[in-house]
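Each of the two complexes below includes chain A, the first together with chain B, the second together with chain C.
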Partner chain A sequence: MTFLGLAGGFVLGILSALGDVYGTKLMKVIIAGYVEFFRGSPLIVQLLFFYFSIPALTGLNWDAFTAGAVTLMLNSGAYQKGYFKGAIEAVFKDQLMAAKSLGMTFRQTLRHVVLPQALRIVIPPWTNEYISLGLSTSALIVLGIRELTNISKSIAAQTFRPLEVYLFASAIYFIWITVSMKVFDWIYERVRIPGLEVNI
Partner chain B sequence: MFTLENFLFLLQGVPNTLAISFLSFALGFALGIPTAIVKQFSPYGLGHVADAYISVMRGIPVLVIMLLFHFGMAGIIPVFKSAFLSATFALGLRSGAFQSQIFRGAINSVGRQQMMAATSLGMNRWQAFRYVILPQAFIVALPGLGSEIALLIKDSSYAFVLGVLELTKYSDIVRKATRSFLYPYLIAAILYILITFPVANYLDRLGSRLKTKYGLR
Partner chain C sequence: MGEVVLACEGLKKRYGDLWVLKGIDFEIEKGQTKVIIGPSGSGKSTFLRLMGLLEPPTEGKIYFEGKDVYGSGLDLNMIRAKIGFVFQEPSLFRHLTALGNVKLGPKVVLKMKDDEAERKALEALKTVRLEEWSHHYPAQLSGGQQQRVGIARALAMDPDIILFDEPTASLDIELTWEVIDVMKDLARRGVTMLVVTHELGFAKEVADEILFMDDGRIIESGPPEELLKNPKSPRAREFLRRLIGGV
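On to the complex of A and B.
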């Protein structure tokens, strides 16, 4: 679930960040509305809304898993947009002009100048989004999806040992998050271009 | 059908949502400042304790902490028999870790030179911290605290899983009672946005106003 949400959010985040930085006025307004809705309201409410309200509205019938995945993608996209926007803006305007003066098209500039730098800059804040999304998958419990929190809840109910079960679940989350943080730090160090640190 | 009465019924969830958020913010504030100071100056090697506290709170979903408190520890600590208090304490503990990070960033942004300047004027380290660094750090921290409150208001919806009667729970009740599938959650989402936006925005602007007023960067 985390990975689905992250991947979908990654695409949405980059697209809406590009739209926000380089797009037309109308695009900016639409993107601002999208971001405000998903960042301003709780994930649980969004999950319930997408699972119960969207089928009622459109006649579209989907199961809890699909609804959950779509919501996580949209939610994560709204957050990732902010990080990508910061990273894209950290690549200075001079470079855009320099690329233009070398005869590169806008698309080429994005592909070869802006994104290689922005994607490196974005790794640390993006790691935070990964962590927070990973932890908020526990919200999927409200749709009854069998993720770690939900499974621990039913084991706790069966065994009457809630303390041990929840401590164990906490340990699993903690190890998972700590290990993946280390992995992202390692990637960041690996792809870092020495001398090109930008502070956002 | 979703009527005005349903809407007014839904509004009854707002006080509890606000109560959970602001109580846990206060608890997080009370925990956050000492944690930031301990992590910054690490007296008696206590810095590691602060580190452990922060990384544990960063690594576990707040919902699991709530469940742990309410179902796992109610027998040991009577306070956690109340779902409301379990949710508030879980959010407050996590917020303490988050707020300590905000304060530490703010303390560091004030800079070492001021500490040296203050000590050279004859203040001891604690006085310098208390009267020179902290007041400035607090202003720098305001926008961060604003987004922390917004986060708490949104995450207070996790209390729904414990059955606390807050906004999300009320919207769920309305959905079940009226079989109106669209409006309850949509209106709850809009209410959340209406609550979080002014708070975060106000602290953000207060922060930049005070920064200009006192000439902080």
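On to the complex of A and C.
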């Protein structure tokens, strides 16, 4: 679920960041509305809203899993957009001008100049988003989706040993996040380029 | 008379209410070096950006090898590829090595094969005396070296002309010399160059003509010995007096 949310959010995040930096006024307004909506309300409310209201509004019936995944993608995309925007803007205008002077098209400039730098710059803040989204998947409990917190809850109820069960669940979250962070650190070091470190 | 590479007619540029260029006629022939001097705010950089097709003019026409570039549905990117541009700030791609920076244009824009683009890039780096630094990233190079990579990046495209926008304005004096030396080399090799600079030594040695710009116009132009020693307009006289002799 975390991976689905992150992957969908990744695509949405990049697209909306590009739209916000290089797009038309209308695009910017739409993107700003989208981002404000998802960053301005709690994830739990968004989950319930999408699960219950979309079928009511559109007649479209979807299961908890799909509703949960879509909400996570949209939510994560809104946050990731901010990180990508910062990273894209960190590739300074003078480099865009230089690419133009070489005769590069907008697409060539994005592909060979902007994205290779932005994707490197975005790794550290993106790691934070990964962790925060991973932890907030526990909110999926409200839709009855069987993720770690929900499963722990039922086991705790069956065994009457909440202390051990939740301690164990916490340990799993902890190990998972520690390992993931190591992996991201490793990737960051692997693709690091001297002088490209930028704080956004 | 040689072949005219780049020319313009009645060139004007307005930003909001402000006319930065107020009507410029200009041409440069193959193999020539022309130097533009003038006070800041006179429109030199804007003029250069327009001639490099980095911004469109408000009025007037620009001709590249006789063709009206905005007139007849030409592919602007293909013309930009033939006009090299060296910026005041080196403006290197920070995720690429010196070699990567120089190679990118030939590879992506001119669609050369990788080894061909690499050969081209190494040749250009050699011309600016940086072949031993080809695997360094911009952040690992001095300002003067970065600026020379910028020159090599323009050279590797085999341009018909290179425009320089105050390439040494942000450099220390010693770093200025290494860049100026490379530029003199290019001028002597017959590279067509249009240079905005206040390095009068460079102008004296290699320029065919100096243009003095003020207030969005070319006020005066002529061969270096004439214009530098004996400027006709009072504004050029005043400017040169301050530039050479302090205030």
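Note that the second predicted complex is superposed on the first by the 200 of 200 C-alpha atoms of A that agree within 3 Å, B and C clash if a C-alpha of one lies under 4 Å from a C-alpha of the other, contacts with A are read in each partner's own complex, and residues count from 1 in each chain.
By our rule, a residue touches a chain if its C-beta (ideal position, glycine included) is under 8 Å from a C-beta of that chain, and two chains touch if they have at least 3 such contacts.
Fair warning: this is a prediction, and the values are worked out from it, not measured in the lab.
Enquirer: So if we stack both complexes on chain A, do chain B and chain C clash, or do they fit?
Expert: Fit: chain B and chain C sit side by side once superposed on chain A.
Enquirer: By the touch definition at the top of the document, which applies to A:Ser136: first (chain B), second (chain C), both, or neither?
Expert: A:Ser136: touches chain B, not chain C.
Enquirer: Determine how wide the angle is at the CA centre of chain A between the CA centres of chain C and chain B, giving a multiple of 10 degrees.
Expert: 110
Enquirer: Which partner does A:Ala98 contact after superposing on A: first (chain B), second (chain C), both, neither?
Expert: Second partner only, chain C.
Enquirer: One more residue to check, A:Pro42. First (chain B), second (chain C), both or neither?
Expert: Touch status of A:Pro42: first partner only.
Enquirer: Tell me which partner touches more residues of chain A in the superposed arrangement, chain B or chain C.
Expert: Counted on chain A, the partner with more touching residues turns out to be B.
Enquirer: Answer with first, second, both or neither: which of chain B and chain C does A:Thr58 touch in the superposed model?
Expert: Neither partner.
Enquirer: If you've got the overlay open, could you tell me the nearest Cα approach between chain B and chain C in whole angstrom?
Expert: When the complexes share the chain A frame, the smallest chain B-chain C C-alpha distance is 24 Å.
Enquirer: Taking the two structures together, which residues of chain A meet both chain B and chain C?
Expert: On chain A, no residue contacts both chain B in one structure and chain C in the other.
Enquirer: In the complex, go through chain A and note every residue touching chain B.
Expert: These residues of chain A touch chain B: 36-37, 40-46, 48-49, 52-53, 55-57, 131, 135-139, 141-142, 149, 152-153, 156, 162-167, 169-170, 173-174, 177-178.
Enquirer: Looking at the complex, which residues from chain C come into contact with chain A?
Expert: Residues 52, 54, 77-85, 87, 89, 91-95, 104-105, 108-109, 137-140, 150, 153-154, 157.
Enquirer: Inside the complex, what are the residues of chain A that reach chain C?
Expert: 92, 94-95, 97-105, 108, 112-113, 116-117, 120, 193-196
Enquirer: Chain A touches which residues of chain B in the complex?
Expert: Against chain A, chain B makes touches at 55-56, 58-65, 67-68, 71-73, 75-76, 150, 154-158, 160-161, 168, 171-172, 175, 181-182, 185-186, 188-190, 192-193, 196-197.
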